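Both complexes shown next keep subunit A, but they swap its partner, so subunit B is in the first and subunit C is in the second.
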Partner chain A sequence: MSIIRRVLIANRGEIAVRVIRTCQRLGIETVLAVSAADADSVPARLADRTIGLGPAGGGPGGQGLADTYLSVPAIIDAAVAAGADAIHPGYGFLAENPRLARACEAAGIIFIGPGAEVLEAAGDKLAARTHAVAAGLPVLPGGPCGPAEAGALARRIGYPVLVKAAGGGGGRGLRVVREAADLEHAVAVASAEAQAAFGDPRVYLERYVSPARHVEVQLLGDGHNVIHLGDRDCSVQRRYQKLVEEAPAPLLGETLRVSMRVAAVALGLHLKYQGLGTVEFLVDRQRAAFWFLELNARIQVEHPVTEAITGLDLVAEQIAIAEGRGLGLSQASVSFDGHAFECRINAEDPAAGFRPSPGTVTGVTFPAGPGIRVDTHIQGGSAVPPRYDSLLAKLVVTGADRIQALARLRAALARCRITGVTTTVPMLSGMVDDAEWAAGGVDVGWLERYLERGGAGGWGGAGGWGGAGG
Partner chain B sequence: MDLTDEDVTEILALLDSLPYDELDLQTPRFRLTLRRTPDGWTQSVESRSAPSAFARPAEGPAEGPAEGAAQGAAEGLAAAPGTGSMEHPAGYNRSDVPSSRVDSDADGADGADGELVAVRAPLPGTFYRAPRPGAAPFVEVGSRVGPDTVVGIVETMKLMNSVTAGVDGTVAEICLGNAEFAAHGAALLRIRAD
Partner chain C sequence: MDVSLRDGNQSLWGATGLRTAHILQIAPVLNRVGFRALDYCSSTAMGVAVRTHREDPWQRIRLTRAAMPDTPLQFIGTGFRFISWERAHPDVMRLVYQRLVAAGISRFVVLDPTHDMGAVLATARMIRQAGGTEIIAALTYTISAVHDDAFYAGIAGQVAASRDIDRAYIKDPAGLLTPERARTLIPAVRARLAGKPLELHAHATLGLSPLVYLAAPGLGVSVLQVACGALSDGSSLPDASRTVANLRELGHTVKVDDRLLARAARYFDRLAAAESLPSGQPRAYDAAFTRHQLAGGVLTTLARQLAEIGLEDRFGAVIQEVTQVRAELGYPIMVTPFPQMVMGQALSNVISGNRYEVVPDQVIRYVLGSFGKPTADVEPWVLDRVLDRPRARELAAEPPPPSVAELRQRLPRGITDEELLLRFGMPGEEVDAMLAAAPAPRHYHPETQPILRLLRELGSRPPARRLVVDKPGFRLELTGPGRARS
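Up next is the complex of A and B:
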């Protein structure tokens, strides 16, 4: 067992603030790795120290991600210079990068996350699928293929099929094919795109299920024991990017809920999972069926809804596991109380196809009160640099049950005021009044249909903006 | 240490029973504005600490603005972390870790009869040892206290917050004089727990 006294946070934005909070509560010193553009950010003010990333003299415009938050050598160098005994990678950037995990090991620094082998197994979506099968989880009919074999495989699966990149994940590298005539071309293009985006041309096919819901199970393991921390519904998505999440998943049925939790834990045990992870499933509620989608070997953006109904601090649990303390919790000691929603407040303009809206925040007012938590990295005067993702804040609202949580969420959204940049707050305010969504259990296609029919006062802009989220 | 949502909720619980519709709390480290609206309370939080950049010998000026580093040395590290016990409570459950008011001090670890527990200021403000001017102090060194024994008052923006001992024990040390300013989380007194 080794005690973490000083942690380097290799991330930015709200998750950096989130990690700093827990470290301060635990008496762990925080050093935040910052690009020049983030040297004066809110997390930089809250951290005990900051340390610059990237080449000297690279001004705010002169540093690319490759030199800073995506550079393994820059992160390791910063951790060594700061005398940190651990690195917390947050989500996104290098959070699931096996090279960072290995470099930490070589430098004698604790990587707060699973080991490199598990990161490799989870990051390669085909390998993850194979592990899921080995652990007895249901997967969608499908498998790896090149353009030549695709036709025969797709006929066996049945159209429509989804072409997925082995190196993708998180909604990237996906393509729906509805007819045989389009398949060979789609596979060739997807493979070329995957090579360009992920450096890995391998693609695979899976049956495309619609309508379906996205439900995921939170795992926590210490390499020997693995428990689940309940489920979350993340079906409110636009272009595979989540906008609103809730816990527990509504209207699931106890049999299905328990089966999914058991399956997720089985995968965790099979991988001897160490740390915090999420098993994502596609759910067909009519047929009471579910299929493994992917394993995310990191803390998720939407982890606060799980914290809200379990009373746990998931970052603290990550740190405890990383210190080698073992699981301090048994499955029986985890209880679920109430219902929680999370809304992602992004600097995007829904009226213009969710076009990013960088700039300077001039004023910020959030709701406060019982059952309300706001995770944010902005305050009046904050820069929202165009280089990074558009997530400004997460509004997390908890109630004794879904009805109370929903009423609180509506009142809470009405009290959010962010000026200086365009945000998704008005669109979210309209959306939470929609009767179909409010009833619970919408499918992953619901938000796009809602936007197309001009819901929430005409946010139907069909522009081509897609985010890259966690 | 910055304001947590629990801190804000605790402050709101105090405000809720009072006739005020707005609280504007300013310290060198943060500014918190709470306003009552027909829909409920709103908050604006501003962190005011300057970032404290690590100066790396090889590079230097690239790390950040020089004034940031200087200011950091002067005030950013005033509340140096890591002074508390490094042994985290088992389970890492939020409820296992006292929010901010009471926590074990490192120097209690070698105490033979019970550990020293610091009673900390729940808010930044003026520490009063007695209920009113001229009255006898709530406690002295050697006083026996229980978890609910009032040991002092911290006045913040005209709000009087009673501070309780939080543990059974004996007052071992009074860290601040009457009417001295207490930073958020500053140790007010130390109690030798039973």
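Up next is the complex of A and C:
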């Protein structure tokens, strides 16, 4: 066991604030790695120290991601210079990059996350699929293919099929193909996209299930023991980006819920999983069936909904595992209490196809009160740089049950005021009033349909949302 | 080793200052400072949790253990009572230790106020069988004709010979040990410990212990017991940060995280300010103190009790009476439960004006020999006066304390062992009230307390149309429902 005394946080935004908060509670010194553009950010002011990333004198406009948050050498150099015992990578950027994990090992620094082998197994979607099969998890009919074999494989699977990139996720290199005539072109485009995004042209096919829900199971393991921390429903998505999550997943049925949890733990045990991870599943509403989608080997954006119903601090659990303490929790000691929602508040303009809306935040008012938590990195005067993620805040609302949580969510959203940049708050306020969503259990296509029909209250109409979101 | 959470709280805040949330908030930081162990709990502290705060003391131990996995938590006790001052059946004590180990206590002090080593060894054996991993025997220091260096060396020899006792500490509850005496006492004890580690726990009541602590490491003491911030000094133990700085000044190596030590001290300082609790201050030497020898916690409790009955002006008279009662009762060492016993008698004597007219049950039991043989004989006239009363005859004829099996028959069926032990040690209605209360909060921020108090006060008043907070450099005015400006 090695006690972490100083941690380098290799991230920015709300997750940097989130990690700083737990480290401060635990008495761990925080050093935040910052790009020049983030030198005056809220997390930079909350951290005990900051250390600059990238070439000196780059200036706010002169640094690219490749020089800063995506540079393994820059992050390692920063950690060494800061005298950090450990690196917390947050999510995104290098969080699931095996090269960072290996470089940490070489430098004698603790990487707060799974080992490089697990990151490789999870990061390569085809490898993850193979592991899932080996662990006995249901996967969708499909497999790897080049342009030549695609036709035969697709006929065997049955249309429609999904063309997916092996090298990464996030919706890039993803194509739905409904008939054979479109397949060859789709495989070629997806492969080119995958090459551009991940440097890996490999693609594979899977049966396309629709309508389907996205439900995931939170795992925590110490390399020997693995437990689950319940499930989350993340079906409210636009172009594979989650907007609203909730825990537990509503209207799932106990048999299905238990089966998914058991399957997720089986995969964790198969991989000797160490740290926090999430097994994502596709759920067929009608047939009460589920299939493995992917494994995310990091803390998720939506982890607060799990914290809300378990009472756990997942960042503290990550740190404890990274210190080599072993799992302090047993499955029996984890209990679930209440229901929680998370809304992602982004600096985006829903009326303009969710175009990012960078700028300067001029004023912020967030709600407070029982069952309300806001994870954010903005305050009045905060810059929202164009090059980074548009996530401004996560509004997390908990209630004794889903009905109470929903009522609190509506009231809380109505009290959010962010000025200076356009945000998704008005769109979310309208969405949570939609009867179909409020009933629970919508599928991953629901949000697109909701947006196409203009939302329950005619959202997107001229001026309808100007007040709070402008 | 730090004693803030138990002895600091007991010495300076009458054991009632700290709640579960206060402890849990700082537990992860204390865990990382690098303390050898934390003096954490006693049966008195457990009783206070139930009685004063309506909080489950067992749950408090479990939550603290989870928040503080690396630093051993210590329980201190005599081995013959649990919460109640009455003697407990050995069966009950065995169950106490088993439940404490299960909840997360690993280090135990065995402390017998009469230095009855037979009782100490039996208790140590019981704790070891219950799963206690570190057992430390108290050599309770006092000044008397019998308590010379050879006396303590003899006890050290018995500690060395016991397989169930891992280490010893010199416990100076009244802060009487001088650097001069330390220079002969510590080597004499060390010489007989056969290599078992020796710790030192000296209260700062007379301002002597910070000086003793400078000498102790050079004499072979390997652990100094200290306290943090507001919970140090006064009648508590020496301040941790200053002790560390002084030791380093003398060339010693002390492996603690200074940043976190300072943070823990700051936390207790802020907590004291937020809760209007006194902060321990360095004390000047008080020669009269060596006569009554009352530990800090007893003094603060006395001051509180006298204030409650409007007799705060009799503080000096009670202290004077303590000196006399202690002599008449055969010079019991002033450690739990004897200070409370002597104090109770002294208080009765002062209030009634007729000495030994009213005699608390504890004194009758002591005179009857329930706590072992007094170190010196009780004054014959006092012995007669105490025993010549119906209550003494009743207590002499008292049945032995109930065993666990008897308690199970007597108490509600199906209750847990933890609840059974609380119901054994306390009135049932106190336990009922604790069980009926909501679970203890787990977070506490001293900085937010003033605003929370303000909000609570506002909420308890009739609605006002206008509220003004006005102080230098700040003005807040709230007017009417729904309209606010600042």
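Criterion: the second predicted complex is superposed on the first by the 454 of 470 C-alpha atoms of A that agree within 3 Å, B and C clash if a C-alpha of one lies under 4 Å from a C-alpha of the other, contacts with A are read in each partner's own complex, and residues count from 1 in each chain.
Please note the rule applied: contacts are C-beta pairs under 8 Å (C-beta built on N, C-alpha and C of every residue); 3 or more make two chains touch, one makes a residue touch a chain.
From a predicted model like this one, the values you see are computed outputs, not experimental measurements.
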| item | value |
| --- | --- |
| Fit or clash between subunit C and subunit B when superposed on subunit A | clash |
| Subunit B versus subunit C as contact partner of A:165, first or second or both or neither | neither |
| First, second, both or neither for A:217, with subunit B first and subunit C second | neither |
| Touching partner for A:25 - first (subunit B), second (subunit C), both, neither | both |
| Contacts of A:328 with subunit B and subunit C, given as first, second, both or neither | both |
| Touched partner set for A:447, first subunit B, second subunit C, both or neither | neither |
| Subunit B versus subunit C as contact partner of A:15, first or second or both or neither | neither |
| First (subunit B), second (subunit C), both or neither touched by A:183 | neither |
| Touched partner set for A:421, first subunit B, second subunit C, both or neither | neither |
| Most subunit A residues touched (candidates subunit B, subunit C) | B |
| Touched partner set for A:44, first subunit B, second subunit C, both or neither | first |
| Against subunit B, colliding segment of subunit C, chosen among 222-230, 348-356 or 366-374 | 222-230 |
| Contacts on subunit A seen with subunit B and repeated with subunit C across the two complexes | 3, 5, 25-29, 316, 320, 325, 328 |
| Residue ranges of subunit A touching subunit B (in the complex, touch as defined) | 3, 5-6, 20-21, 23-31, 34, 36, 39-42, 44-52, 55-58, 81-82, 311-313, 316-317, 319-320, 325, 328-329, 363-370, 372-374, 379-380, 411-412, 414-415, 417 |
| Residue ranges of subunit A touching subunit C (in the complex, touch as defined) | 3, 5, 25-29, 316, 320, 325, 328 |
| Complex contact set, residues of subunit C against subunit A | 28-29, 31-33, 66, 69-70, 257, 259-260, 263 |
| Contact set on subunit B toward subunit A in their complex | 1-2, 4-5, 8-9, 12, 34-35, 37, 39-54, 56, 59-65, 68, 72, 76-77, 80-88, 90-95, 97 |
